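For clarity, chains are labelled A, B, C, D, E and F in written order, and residue numbers in each chain start from 1.
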């Protein structure tokens, strides 16, 4: 019953790409502190930030066959998102598959498993967020699914959701909420710019955000070292 | 019963800062192989080394309110040291709080939890040693303590202890032992410089440190491959 | 019953060194997906690749005495490979031992435990693959073995086996298979160069490797989003 | 935007309960090796097996408020399924909540976090499958959702899905597939009963399942110890 | 500089023992959700609950010498509490040491490391809470401290603090707060008995604890499945 | 190149079985604190102790085909010892395979992966030591080896080595050392019986084993609480 969905709904590519103007933390907050993937998924090198439509892949443990199947389903600007059906640290992905994806304009890979050829991938500029770095080889024996909803890094991801990744990790934005979350991200960034300026001048968040009263109401006391002894 | 101690005892700032001339490994050894925090606390970027007076913060899980309270208690040259009351991988700290701390001259943060905005923090040059990198947001609902003794990375740390951190990790030096440990660190470094020079010339520690006799006494035997078969 | 084997069989040094032309992933695959050490053993800095004869060390937990003993057994081009008899995150190895090894022409260290002085080691250009970075000090009280077979990173390693390490991890090649595995690695790399070129042009592995039929035979179906609903 | 869905679709209670005739492994296999929750979720005591409609709860880290909200949404025969929005080992659940759930006829709890009062829960006969056993207390400050789809133990679970748990772990069966999976489980059990009987008599699966030819085709060779040397 | 403190301050033995009437969760809550040791410290068998004065031991990794030293410092009713100076899974403790402790009236052991002979210990009725079960042997080479403050399971513990352990884990109560915390535990238990009775009758905590208004104020909404779609 | 060795050398069955008179800790110590498998391999139920000749199996991740092959190679009194070539938590083994093994007189299974049907296995009295309990299913696609040397739980194990397992874990004794280690175990047990009797009477190991002098020589000091302050 393994299937490849060839025409899943998609987020407008320009809308998806626009998320790359914001950081993962900003977008995660802007959608109500949801959608963050397990922080154990780390970038294999620093400095990349990508956003795009998710093409999802469900794979058997230590079997990367479905990644080969998924390549064909990718369009320029997409992000491949893959998870094994049970935990695996094998190295599902390396330079050859990256070459294939890059030639199709895919922006990067999110994989809840292992990645290899990390030096070559950095040289190519093909970013990967993975749970493991491992050279352990995989087989091509068992089928899985492409563009069927998966759980990756503890989050539900459907094909056509927006995925954003940077040095802080990876966040997913459901397709139907993308427009609204993008706007909320923009607003959050604006508001933070104001706070940043005030903090840089030495103002305290205790005052900027009027926390002192609420703290006192909860019972916070300021004491001197002697009085405390 | 949450409190902020406003005037904890402190190590002389110049004495505290002087530890930055030595590596974490040296100081840890110089105080009798004690005080090293759990090595799972890693720097978010390479190359920083800081030392200063600890300002300590105890926080609820996934709640960073007390970090905002702690900013006000920091002085130039201090190091903020924070731990949740139960394990949490949430991202308690990011660019905005770093801006506030930097504007007060704080040297860095040690946190037994998660940190976010790591790319921005590296750009700012504000070093953090954390257990996790995570964008997961926190709330501001529950009180904690500032400048009350905590356990961070498995070590007891009191406000005014010296904290030293570099690429090898983090070590705490109790306030009352700081002067003596600094001197012991200096002596250890001198002694190591001599060994380094001898090793670089090809001398063996077996000879430099007269280990051969003790090894033989414990029963070490040198055998040939054939004799061993 | 602790012993040092002074003249273990060795792989021809030129043969061992030749493995450094290939990546860890390539060699691991070329010998039938075997020999890869636990991916938790990571390089302390990026960009090194070394290959050489293994000098093996078995050590007590948090005791680095046998590393000092092992230095004397190393020859130019060797790679030191060390494992504790029970798990330990202590920092067995640092700049001083690295100075001693470097002066004998040793290419690097693989250690299933902790390493310290990582900034200094990177500056020296002495690469280490370790399970932990930790400044925690060790004692010199208990004997172990040198050049006796060990398990390191979950793999059996005998003195004189070839060890290859790069940014992807570490692989061991048994001495008696070294020549054959080197040739198989060469062939694999040639074959991959062909695939890489075709993928870069946009050809699909589904076609290049004739996977479509096998996938269909296993039952993979391509469906449209609507048809699937 | 926190919500409680008061009337989610449900699996017929008798159908849901019927799954308790089968083991978790059987049902997991019968639905194509899918739906198994992370095996780190373990029963707090041995010997329970429960099946029922899932009532789902999404909670803030270290905050069990929504469990109190969820009690009211439970019906006899239900199974409560709860997950925090970021990893938490806190003890969200104990004897008091169990008393409340038991009085409503709830069969047990699946929680991707910590549980406490485990001795009392065993005495009451209220089974829990949890990731942690921990007495760490929680607060009641932050909202979450009830009967909205969650990820628990790495699996998507919607209210009204069937959840089955025993000493082997926990499996979820999507509501719309429940009838078909129950039948497949029955068939699998029948088939296994035949194999069991044959194995008990000493027959080999190599013969019972005609594996020898396929093994030989893949290249398996039987060799004698001498021939192998 | 290793020392054994022979006459540390102690909690009144009757007061310390009285904590065994309450569960770990109750006492942890009664002292403001503090003092709980890392839940990874688990009992080696079910059903024990002990409370007593802590005798503290700091030990080198994989070295149990100081446990032998500590036996002499124990009095009837004490609880031995031990932690290595760096993480160790070795089996520091087994039947022989338990025999020695039992003969002195010690109630049990809390150890942030490994324990062995678990079958024999259960037969003897000598309870242990440990991080690991491991037969790995230890040496007797390196000194440590007895009755000096330690960190065990992430909590500061001083000799003479009260330690309480049961199937839920381990909690420490500082000596000077013992009386007050015991009374708070008694009150908490009384209050919980009332709630338990009401819950058993089917009343909801939403009503018993008047949560509905606060939930509504925070914005919780009850919606029907259709309305939600 | 997958092979099954049909006639590996074996330890005399009576000699192998005799190890079951001793505990894992005793035998591990008796052979110089070696051979203990990773303590993460735990028994699925309490109270079993088995010893016998190892039949070794190397398997692909999440693929249990070779266990079926291995059954045929087992003789009465053997212990099956299996490890995947890369880490896997899948449930390779359950009631059906246990029925097959039991019918051939196999004493139990050691597996560095997952096991399922644990309730049924306990009922049958077929003991398993595994790293995980997991119902996750496996495939039958990839070959491995039987009776070729493996690494299981971090230890080298060859077919015909003796494996001993009890509630403390698992230890391997190399075939050629079995006789000598059995005798050393007997002697150790005798010696411990004497110590046990003396400790039970209240004698201290400090005296029984004359540790006081050595402790003093290393510098241990006994101080009073006041003197220490």
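One rule holds for everything that comes next: a contact is a pair of C-beta atoms (placed from the backbone, for glycine too) under 8 Å apart; a residue touches a chain by one contact, two chains touch by 3 or more.
All figures in this text were calculated on a predicted structure; none of them were measured in a lab.
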item: Target chain E, source chain A, minimum contact steps; value: 2
item: Starting at chain D, fewest touch steps before arriving at chain F; value: 1
item: Touching both chain A and chain B (chains); value: C, D
item: Contact-richer chain pair [A-F vs C-F]; value: A-F
item: Computed distance of Cα centres, chain D from chain C, in Å; value: 39
item: Euclidean distance of C-alpha centroids - chain B vs chain C, Å; value: 30
item: Where chain A touches two or more other chains at once, by residue number; value: 1, 33, 36, 86-87, 89, 134, 136, 142
item: Chain-chain contacts as defined at top; value: A-B, A-C, A-D, A-F, B-C, B-D, B-E, C-E, C-F, D-E, D-F, E-F
item: Residue numbers on chain F that touch chain C, as the complex places them; value: 1, 32-34, 36, 85-87, 149, 151, 154-156
item: Chain D-facing residues of chain E, complex; value: 23-25, 28-29, 33, 36, 39, 42, 46-47, 166-169, 171, 192, 195-196, 199-202, 204-206, 209, 211, 215, 218-225, 228
item: Complex contacts: residues of chain A adjacent to chain C; value: 1-9, 65, 68-69, 71-72, 89, 91, 94-97, 99-100, 102-104, 114, 116-120, 132-137, 140, 142-143, 147
item: Footprint of chain F on chain A - complex, ascending; value: 60-62, 86-90, 134, 136, 139, 141-142
